[in-house]
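Each remark here refers to the structure printed beneath this line.
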Amino acid sequence: MLQDLLGALGLASIYLLFALGMSLTWGTIDILNFSHGSIFMFSAFTAHLLIPYVPMGFVGVALVCIVVGALMSLLVQVVAFEQIIKRARNRNTAERQILIGGIGVAIIPLAIAQEVTKSNPFGFIDSGFEVTTWTFMGLRGTNILLITLTAAAALAVGTAMWLRRSRHGLALRSIGVDSEVSAMMGVDRRRLAIVTMAVSGGLAGLAACLFTYTLGAITPESGDTLLIKAFACIILGGVGSTGGVVLGSVLLAVTETVVLTRTSGLWVEAVAFGLIFLVLLVKPSGLFGRKEVRRT
Amino acid sequence: MSDFYAANLVLIQSTFIGILLAVSVQVPMRAGVFSFAGAGSYGIGAYVSAILVLKTGMPSLLAILMSGIVAMVVGLLLGLLVAHLGGLYLAMATVSFDLIVSVLAINGGDLTGGVTGLFGVLSDVTIFHLIGLALLGIVGVALTERGRVGRRVDAVRDDPELAQSVGISVRRYRLAAFVVSGLLGSVAGSLNSLVRSTISPSDIGFSLIVLALTMIIVGGAQSWKGAVLGAVIFTWLPPLLAGFGQLQHVVYGVIVATAAIFVPGGLYGIYSEARYRRTRAKRKTPQREAPAHEQALAISVPNGDAGRSA
Amino acid sequence: MDWTAVRLGRRGAVAVVAAAALGMSACSSSSGTSSTSAAAGGGLPATINVVSINPQTGPAAFAGLAANKGYDLAIKEINDSKFLGSTTLTLSKVDTKGDIKTAASSASTAIADKNVSAIFGSVSSQEAIAMSPLVQQAGLPTIYTQAGSDGVVVGDATYRATPLMRTYYSLVKKYVQEKGWKSVGIIHTAAAPTLVDIGTKALPAIATELGMTVTTTVAVQGTTQDFAAPISQVLASKPDGVAILLVGAQNPTAMKQLRQAGYTGDVLGNSGASAGNLKPAGADGAGMVWPVDFNFQQKAEASQKFVKAYQAANSGENPLNYAAEAYDAAWFLAKSIKAAGSADRAKIKTAMATVASEKFDGALGNGLTWKDRDIVVPGVMIRWDGTGDVLLYEGSAS
């Protein structure tokens, strides 16, 4: 029972790292990035390709994933999303086109990875980092589990504090409230958006690294599965709230684990979808959602 | 001609089914309702008619009708449940509805055939049925784009508060959008099951939503003509892309992304905007502002904070 | 009355009439179902065309591509050895891209093309199910490989050169008896009907036969990526052995997590873990065993002949079972064409029934037979040792 809880926390950490990136851009610069899952997968894929040629160890793999994730998000922002925003007549059209654009862009890394791996699983074998198991008071864990929990906690706290305390965070939140006024106050929306997207991509990359080490192998399609779960976490917790994403991730992971162990295991998918639907029906702003950090 | 027809029969059938699917997502969008429930209705129609024909030997048209009724009722219920949502939140809610339908299909045991789905659904659906039903759908939708109904729908989309204040029941039009979308999607799904003789959960998953979306984005979301254009393009494009060999998926993604970025009104949007500019240039005297429905060339969704609509 | 509606109504009426006219003209001149092929007089024409409709891209690509290699090898041999006299067999390959509609559409195209005498159907069950009604109705001889669900072999035009897993899974009996297992815990995916069958019917039946108890059975989904919870559930029931019946990438993850959970014994698996799918698990993957219809190390003479020919044609690469199945499928077709003495679809179909009643030796082993248009093979038991397949023992032809 306690072992299951530990496993659920590990799962929650992965969801959190992945969803944090999406929540960051959605909650501040109004960009719902549908290519987040593809970027996540592709950063792990790049590391996988490089491992035979460059001895890396854990830090090396993590760095590669983070950098690739950040670069890809940056590219998507500059090449696709900025262009859409420039041409859109109003915010709602922009939102919709960004959604579609993200979907279209996501197909490209997916196709490349599928072509190279023939949809076979790939991982970080021979990277110089081994997953080891330990037992403590009857509970079993792995070193990667510890790293994941620590990373997720640190980054969640770090992001929340960055948004709340730093000047950049303040600027980001002001864009969310009123972008025109904030531009008048000297906030460079374009630069901040790029930085935010890059950070979000870096988070996706880190999540990919930890995810792949935890599972041992992923497939090109792994990113898309997580995308829907990330929505559930964000909507459950409330868009724009870091604490909300944390709570949403934990709730989703725990519920899924309970359903998996108590029922035949076929209804696990329904948990994510059902939760999204339920929350939207009852309290669309989520548990911690703050309506004021949204469009005016 | 007949060789072409025989060789490409499946594609021709898919075109008409695609038209109905695209229109089922376009109709609510035009009314300002950002709903993807058409894909879920497709799933409902596909499975209900397959089950009816397989288990009871019901004639095809009756099965299509019955599943249409089921989908319309579900659509109405869904519309009532999400009436307070708008924008992206509504979109997400309808996406989760669609995915719940596919989970139900997987977990339906022997009734839905589980993960494999159902096969051996033999029916007497001919190309005439497909053409006829598609045309019926288009004519019905086209009628709502003209005259008084058309203007009211545009009003509901562009300025719901104003529409409400002049006596147009915004709520009723939005609910109607859900019901119509349910019917159209369901007919498309039914036809697909009956013509393919199989249906499986993978047919109605997330990729269906993406397909419908790309059809209307590239074709044009403001009119049924855009939906038809998009359906034709995305049915016939993949076989044409086969020549690219291994790059074809990449090319597909580039096309969709480019269309989303550079052509927000879709191909039909380009055409109608060009036509509008031409007619304006022809006029010598300064005119009053162009009618509302010609001006709103890009669809916009009503504002709302935290998903609540005006 | 709104005159725009009237105008639309008239335009609409014209459109309907035009469409009907188009449809009727197309209908009346469309070709019949079973067509005669290019052969003018009796005997075989100079070339006979066959089409392989398989996924070359997408999740099942590795199986489709391997099958195509098997077809290529067989057809080259058939032509080089002049098995059909001066007639050449030509193979064209169509990619279904893992899309059911594309598969059905390609089947329709092949049916309409009078020069196509037979097709090799898709390895994917979903695609095969969509193709079978079409080809059966048109009487186009179709031989599938893999595609193990119901609704694939539907009539006298459809054959499957891959045995159903439940027909050879009983090979594990010898292994389980040697290990002395008295109980087994099962984790299986709900996403593949074959594995659902093994996990819920075939394996429990084998267990009953051997006096074993099934302690727990857990079903997971195709999208499940983390197996820690099901594994702890199964291990909590303290079985002697564990069976893990999953597809693709789920196998290395489950093996890793199983070892992390403290289970070090061998694991009953399925051939979905083959073709190097377990490599990412490294040393944790060692100890998974499974029965499969073919492995390149099996000793039957005809199998080794195939393996050597394949290695020669593919730069020393070892053939997978998909290639062996395709190879035997192609030779089966060639024999049927020879027996029919014609490239006509109906005649080939009749000849296939005759040829299928004879025992033969092929890449899949000695003493192969067909039962209800499904092939029956002896099969082999494989153990993955972390880097490669080890042949444990072979079955005997039933």
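Should a chain be cited, it is by its letter among A, B and C, assigned in written order, with residues numbered from 1 in that chain.
To be clear about the criterion, a contact is a pair of C-beta atoms (placed from the backbone, for glycine too) under 8 Å apart; a residue touches a chain by one contact, two chains touch by 3 or more.
In this text, all values refer to a predicted model and were calculated from it rather than measured experimentally.
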item: Between A-B and A-C, the pair joined by more C-beta contacts; value: A-B
item: Relative to chain A, chain with the most remote C-alpha centre; value: C
item: Chain centre separation (chain A, chain C; CA means) in Å; value: 37
item: Separation of chain A from chain B, taking each centre as the mean of its C-alpha atoms, in whole Å; value: 30
item: Chain A, residues touching no fewer than two other chains; value: 114-115, 266, 269
item: Set of chain C residues in contact with two or more other chains; value: 57, 190
item: Interface hub residues of chain B, defined as touching at least two other chains; value: 106, 246, 249
item: Partner chain C, residues of chain B touching it in the complex; value: 1-3, 5-11, 14, 106, 114-117, 119-120, 122, 127-128, 131-132, 135, 139, 142-143, 146-148, 196-198, 200, 202-203, 238-239, 242, 246, 248-249
item: Partner chain B, residues of chain A touching it in the complex; value: 32, 80, 83-84, 87-90, 92-93, 95-97, 99-101, 103-108, 110-112, 114-115, 224, 228, 231, 235, 266-267, 269-270, 273-274, 276-277, 280-281, 284-285, 289, 291, 294-296
item: Residues of chain B that touch chain A when the two form their complex; value: 34, 81-82, 84-85, 87-89, 91-93, 96-97, 99-100, 103, 106-107, 206, 210, 213-214, 217, 246, 249-250, 252-262, 264, 298-303, 305-308
item: For the chain C and chain A complex, residues of the former touching the latter; value: 57-62, 65, 190, 218-221, 223-226, 228-230, 232-233, 248-249, 252-253, 255-257, 260-262, 275-277, 279-282, 284
item: Residues of chain C touching chain B in the complex; value: 2, 4-5, 8, 12, 15-16, 19-20, 23, 25-27, 29-31, 57, 95, 97, 99-102, 104-105, 108-109, 111-113, 125-126, 129-130, 133, 149-151, 154, 190-193, 196, 222
